[in-house]
Amino acid sequence: MGKLKSFAGGTHPPDRKHLSSDKAIERLPAPETVCVSLCQQLGAPSEPTVKKGDKVSRGQEIGSQSGFISLPTHSPVGGTVLKVEDMPMPHRRSGPAVLIKTETEEGGQVFEPWPEFREHSPEEIVERIKLAAVCGMGGASFPTYVKLSPPPEKNIDTLILNGVECEPYLTADHRLMLEHPDDIILGMEILVYALGAENVMMGIEMNKPDAVELMREKGVEVVPLKVKYPQGAEKQLIDAALGREVPAGGLPLDVGVVVQNVGTAKAVAEAVRDGVPSLRRLVTVTGLGVESPVNLDVAVGTPFSALIEKAGGYREDVARLINGGPMMGIAQYTDEIPVVKGTSGVLALNSHEARDVAEGPCIRCGKCTDSCPMKLVPSRIARFAEYEKWEQAEKQGALDCIACGTCSYVCPAGRYLVHYIKRAQEMIRALRKREA
Amino acid sequence: MGEILRLGLILMLVALVAAVALGFVNSKTAPIIEEQERMRRQEAMRTVTSSLGDSLQFDSLAVEGLANPYAMVDRRLAVVAVSDAVSGDRLGYTFVAYGKGYSSTVQTMVGVDSSGRIVGCSILYQQETPGLGANAENQPWIGQFEGKRISQCSVRKDGGEIDSITGATITSRAVSDSVREGLEAMREQDLFEGGERA
Amino acid sequence: MSASMLMAAVLASPDTGGGGVNVAKMMAIILGAIFINNFVLSRFLGICPFLGVSKQLDSAVGMGAAVIFVMTLATLGSWLVYHLLLVPMELTYLRTIAFILIIASLVQLVEMILQKFSPALYSALGIYLPLITTNCAILGMAVLNIDERYGLGESLVHAVSAGIGFTLALVLMAGIRERLETADVPPALRGLPITFIIAGAMSLAFFGFAGLGG
Amino acid sequence: MSHLLVVVLSAGLQSQVDAIAQPALVLGAVALVLGLGLALAAKKLAVRKDPVAERIEEFLPGANCGGCGYPGCPAFAEAVAEGKAPPNGCLVVGPEVDEKIAKAAGQEVEESVKRIAVVRCGGGHSATDAFEYHGPPECASAMLVMGGQKTCPYGCLGFGDCVEACPFDAIRMGEGGIPVVDEESCTACGRCVDACPKGIIELWPAENDVMVACSSKDKGGVARKACSVACIGCRKCEKACPVDAITVDDFLARIDPEKCINCGLCATECPTGAIIDKVPARPRAYIDSNCVGCAICVEICPLDAISGEHKQRHEVDQEKCVGCGLCVSKCPTNAIRLVGALSYRRSEG
Amino acid sequence: MRLWGEFAKGIYKENPVFKQALGMCPFLAVTTSVENALGMGAASTFVVVCSNFLVSVLRKLIPRKVRIPCYIVIIATFVTLVDMVMNAYAPQLHRSLGIFIPLIVVNCMILGRAEGFANKNTVIKSLADGFGMGVGFTLAMILIASFREILGNGTWLAVNVLGERFHNQPVLIAILAPGAFIIMGFILGTFNILERRKAGR
Amino acid sequence: MAEPRYFELAVSPHVEGHQTTRKVMFDVVIALLPALAAAVWFFGPRALLLVVLSVGAALVAEYASLRFMKRPISFVLDGSAIVTGILLAFNLPPAVPWWIPVAGSAFAIVVAKQAFGGLGHNIMNPALLGRAFLVASFPVLMTAGWIAPGRWQQEGTGLTTSGIPQEQLAEIEGADAITGATPLNIMKQTYDRETMDSRMGEGATEQVRESLSSGGTYLNLFLGKIGGCIGETSGLLLLLGALYLVARGVLEVRLPLSYLGTVALLGWVFGGSGWFNGDPLFHVLAGGVILGGLFMVSDMVTTPVTPKGRVIFGVGAGLITMIVRRWGGYPEGCSYSILLMNLATPLIDRYTRPRILGEVKKSG
């Protein structure tokens, strides 16, 4: 087979995907109440358009788009609005949300189905994707329609579908590729059409040979990739697949590429073909802290507790609950929080799996430097951040960090490297804003 | 311009006063300093030649071409002839050897008898590292030179018979080499009697 | 002062008196001044700017360049005055006072000239000039050259090398201090104390050069 | 030329005087030349810089020692003028000169009231934790993880970023898990204010000894559950304040320092102890025989503690008086004095 | 009383070495023995007292623009005086202080006092100040020289204090350059701790 | 609703890698054990005693400084002080008095490490700075005290004496100690051959030449059957330890390779008495180059973190080592070369930042 493509740096955390990789996707019915966040996507939260006591149907818009980088929000169920207020969220202490009492899971098709998408212009398609509130399912929840509307001077020649799923434990994308290849392929075609791209390929890590084979059978050009974290990060994926370097501070479109997650492709297919907005997503519920790991198809707004219950409940020893994967996910202190569109996994780690190292001083071993996929010197940026020297941190490339966590993972001293760097990023951005 | 001249003149005035004061003090201290220096040399000459006799007479000896070939400083090798004050017999010589040590030019007062055998050495001036090179001043190290002849007068590492101070070979070498080279220069001028020829 | 007299004086200076330049001796002077008898780390000259201007690399480099420059100029001036004026008139005891005056005014003059004719160079070096006036490295250099009986050529080489040695120590120190900005130095030792300790450690490491070229 | 000098000298002067006159002439000549040069240089250099820097330079020794970290006095003066260096950065001059420099630099904002930093939170160990936090022990870091471990989203996280930030060692972490500011050392530089990610440190007049130590805008019940010393917005203090210095908004009391008379009544009324009163013991007003019975004080006293017949000597009800001192300054005959615990303000530890 | 204050501040509160880090070169270079420290201290004290005195006397006469050159000349004069006198009457000491005697000229402490104090104060006060600074400088030198001489040679003022064995095998580094720096670093650190203790109390 | 369940909150990532500082340090200790065994075999139990004293003093000093600075005492056990202690002892002549390693370790820990903020913050290699301190403070003891390998078996363990043979002690006062020759001492003397021959006449160097050839074959050099510092002589066992570290992912090979490579190259270029006739193998095997190259040049705390910086460090240290060996006052330049490059490490780090992915280097 020859040498697999990859990028420089990276690391190999034990992947533990076997816990759930052979569990077929199960559909979890919507719970009694769903709590729909109004900030599902990156960017501005949507404005609520309903109030307490309103009746809503499935797929109805309950929040309106409030800016360019923003999306509308739809109700994943039919029912009654119980309240509209700030509630705990997986990525922040609390945020605006709509609590809906579930009455029906019928309906949802709110737009005209377009079985033959080529009959419509790319602009119409992009508009549909926007109205259907499709955002990236790969983690960052970036509004997909924005990526599909590149500035005219940028010529997009390649679409890469991201089926890498390099985060340990997670298997939802894997199952998705095995179980719904046609939806993905349709979504892919729609995206290519919308972008007017010439090339399209799918990147898959070689720990999923079955998915590679299946996609190849279906005639998709697959780039098999070396198993290495963070192979799925878009800059690394583009580097590996095309040998193009996204300029520092730039976007994939600067090198004529758009990267979309396979789940996003499926959401696009459903929005265009079926006229259904993005209301559900696939979530891997796993970790040694749950009885029987599963891959679930759940409605947005379902509480984590319901997912855990479906996975057989907690085992004796649960130390940590995480929204997302173990490398980049966000720890939660309660399971009474809802699934959002960016929730790719719900992890319950027991005390043996969960990281528990006392932070010591950096011994300058250079492992973080050697493994940083962005070729940064994390130890130095983190030092500057720790001592609040934001300017120097910026000079060292703090803003180029993709927060993959590789550096913290490999650090023998247990330094909270990404954390410091993320803090630096926040401060630098805040300072920039203040100056502007 | 007037302003500038005024400033210049004031500065000049200050300097004038300073110079007057200094000139005055210098005229008082200069002879003392000179005397001091002379006494020190006299004293050193006496010590290094003490074994030659009790009442000695020192006459400076102007020998053409006697430059210290090793000295990094521009000084003539001033050889002083030592003779018995009573009989006037020449008993030996003294001279100052200059050798570049670790951090200074070491000055060694050397006394030789008329056959070219060293009868005494003492360090006149050195600024070597205290505890290392500076130990060259002390007995027993400097005493080693007594009785040595030209060929023996270098450190053991160089094949001679002088034990160097541990950790201070450079100083040891500076002293022994400068002494030897002084002696060699004198030998070239045929100042020694007897067998001390190449 | 006539040109021929100057020539005569320079020619009569010890190093050129023989035949040509003594390469080995020059080498010894250069290595000695940069590494072995480094002005700051072993001779204790110029400690104040060494402590003061080693906080940032940029200013350390500027300061170093300025020192090399002034050191050379001052050496030239003081050597000439000493050998052409003070020695013939037997006024060598005035050397301290004469040297310091020469250095002070030279620096001012250079500052003025730079500011007038090369603002770029002035902004790079000029700001360091005043600091150098009362830097004992410069006066020390002038006095050392006399004590060591260096000729004019040797003195100049000595000055440039010592300036380079000073710059080397200063730049290394600045790099280290910048790194220590983000180190967990015990509060009591932060600032000057740790700077002294580093200087000590540097000086200890420079012992490694002992004996080079000697 | 030098030889010429010698000739002139030896011709004109006796050899005895020689030893003195010769150096005088040489040095004088050198100095004259240099002095002229320098003066000329000073003139030519008239293109000067920042007048502020120049003024500052006046106060500096001009020794150019570099001890300040800047290459020489002019550079330091410039840095101070630009606000890059602290006015007391020169090691050579004493504190008096430092002050002058500061004034020249215009950095000393002539503040009439001394301010100190106060922490608007009394929670600390009295406030419950929502979860256990594993991460760098810094407030700002904890803040990034779900806003910090405290149940109260407004409260102090207690990792002491402010302690670290204070350049004057004026803050230390108190026993109760809340930072304590040393009034003497605090210079109101505001570093801690910037450092606190919760934004609960404020510069507060040092004279004001009563303050609300809470920042929670949660409803009473919620706040109470999160922290036993939270302000629950019950408005009792508002009612108790004799001078209407307190307002309650968003379930949080706020004292107007301008109006507050340090009487401490609000603190006694607060059911949760969210108001801190730093006065250990209060003095009492006492009216002596100079009283002419004008009754101005009766009007003034916010607590109606003074009574008396018109044109008779008035009396202070020692039970009611809180020693606010308002009456003292208003009395036309200087008949009122504060007695007892007079020097409380600075004597406490 | 006021005068005593001017004098005393130089000893601790405004000690030229420990508080102001001035005149480091001679301070580090000649403190290999207490005897040298005393000699250097005396010389520096003499110069600072005299220059303070003279500058203070002349402070009204010297125009601002040439004051620094004038001070330098004044200081250099006194330094040369010390140089000559020491050479005449204490040649041994003169030799061991070496080049650092002329370098007293550029000791920032002296110029600093001239400009920072004597220039603005009365003659008497300037004398007290100069004397205080000189004594402060000397005491500081004696302090570090004591450490260096005892550790590096086993003696104090040439008196054997740690026994013959130590004297023969002392911690040589203390009298070498690195020792000077490192000991100074720790002395300053200790002062910092003391200050903190005092402030923290 | 059931009792709400709370979980701990932590920053990402939530899984941990396999290395910890302590594991790294103890791996180094393990890697040094074979060489320690060799030292005991060649130089006697006294070598072990010195190592134990050195480690003990390092730990005590570490504990005391942490206590004094009110920092977590647990750091004492992170193993770094043990490594420092062992390496310091490895750099001592085998016959030094017992208090030498104690003084050296204390200096190394207190001045070179804790004064800078402890593990990870120090600028210079503590063990080497400790050694430099000892050399400057006790030049006599540190340049005497070589023992010929195996000699202890004939003369007893020497555990009780000061360690330096009596006949040497007698000579130490003000005079050269006749020392058990180390290969580099002999080498150094042959450099002076020209001067000697011209001064003393042909043949004066015979004695020296002889001692060089008896100084040992390469095999002896490689095995460590030769005079030298406690831990530096056995190249074989040091290499073994280093291989273990490489296997464990602790040792980064750029530093040692560039250092050893430079020494070999320059050894050939000017390591002989003329140009291009030196013996590269001799220069690598003799003296402390192997110990320094494998365990001290590679001390990550005091060397650059960037890949390019590490190569620069290795080359620079190799260059200085060889310059000192050839022209300097000391026979061996290894330790000073590392210390000197330590000083430059912040600068090297600063100027060798790798190119960030996608970064376009501005020209100029």
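The chains carry the letters A, B, C, D, E and F, assigned in the order they are written, with residues numbered from 1 in each.
By definition in this document, a residue touches a chain if its C-beta (ideal position, glycine included) is under 8 Å from a C-beta of that chain, and two chains touch if they have at least 3 such contacts.
Small disclaimer: the values here were computed from a predicted structure and weren't measured.
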* chain D and chain C - chains in contact with each -> A, B, E, F
* Structure fact -> Check: graph minus chain A resolves to one piece
* Please state, in steps, how far chain C lies from chain B along the shortest route of touching chains. => 1
* Asked: Taking mean CA positions as centres, which chain lies farthest from chain E?
  -> A
* Tell me which chain's centre, taken as the mean of its C-alpha atoms, is farthest from chain D. => B
* Euclidean distance of C-alpha centroids - chain A vs chain E, Å -> 69
* Round to the nearest whole Å and give the separation of the Cα centres of chain D and chain F. => 53
* Euclidean distance of C-alpha centroids - chain A vs chain C, Å -> 62
* Structure fact -> Averaging C-alpha coordinates per chain, one finds the centres of chain C and chain E separated by a number of Å equal to 23
* Structure fact -> Residues in chain E with touches to at least two other chains are numbered 21-22, 65-66, 68-69, 73, 76-77, 80, 84, 108, 111, 170, 172-173, 176, 178-179, 182, 185, 196
* Asked: Of all the residues in chain F, which ones touch at least 2 other chains?
  -> 6-11, 111, 115, 117-118, 121, 133, 136, 139-140, 173, 329, 349
* Asked: Considering chain C alone, which of its residues make contact with at least two other chains?
  -> 48, 51, 93-94, 97, 101, 104-105, 134, 184, 186, 189, 194, 197, 200-201, 204, 207, 210-211, 214
* **All pairs of touching chains, each written as two labels joined by a dash** => A-C, A-D, A-F, B-C, B-D, B-E, B-F, C-D, C-E, C-F, D-E, D-F, E-F
* Asked: In their shared complex, at which residues does chain B touch chain C?
  -> 15, 18-19, 22, 26, 30, 72-74, 102-103, 170
* **Touching residues (chain side chain E, partner chain F) in the complex** => 168-174, 176, 178-179, 182, 185
* Structure fact -> chain E contacts chain B in the complex at 32, 61-63, 65-66, 69-70, 73-74, 76-77, 80-81, 84-85, 87-89, 91, 95, 98, 152-153, 170, 172, 175-176
* Asked: Tell me, which parts of chain D touch chain E in their complex?
  -> 31, 34-35, 38-39, 42, 61-65, 67, 91-94, 97, 169, 185
* Asked: Can you list the chain D residues touching chain B in their complex?
  -> 19-36, 38-40, 42-43
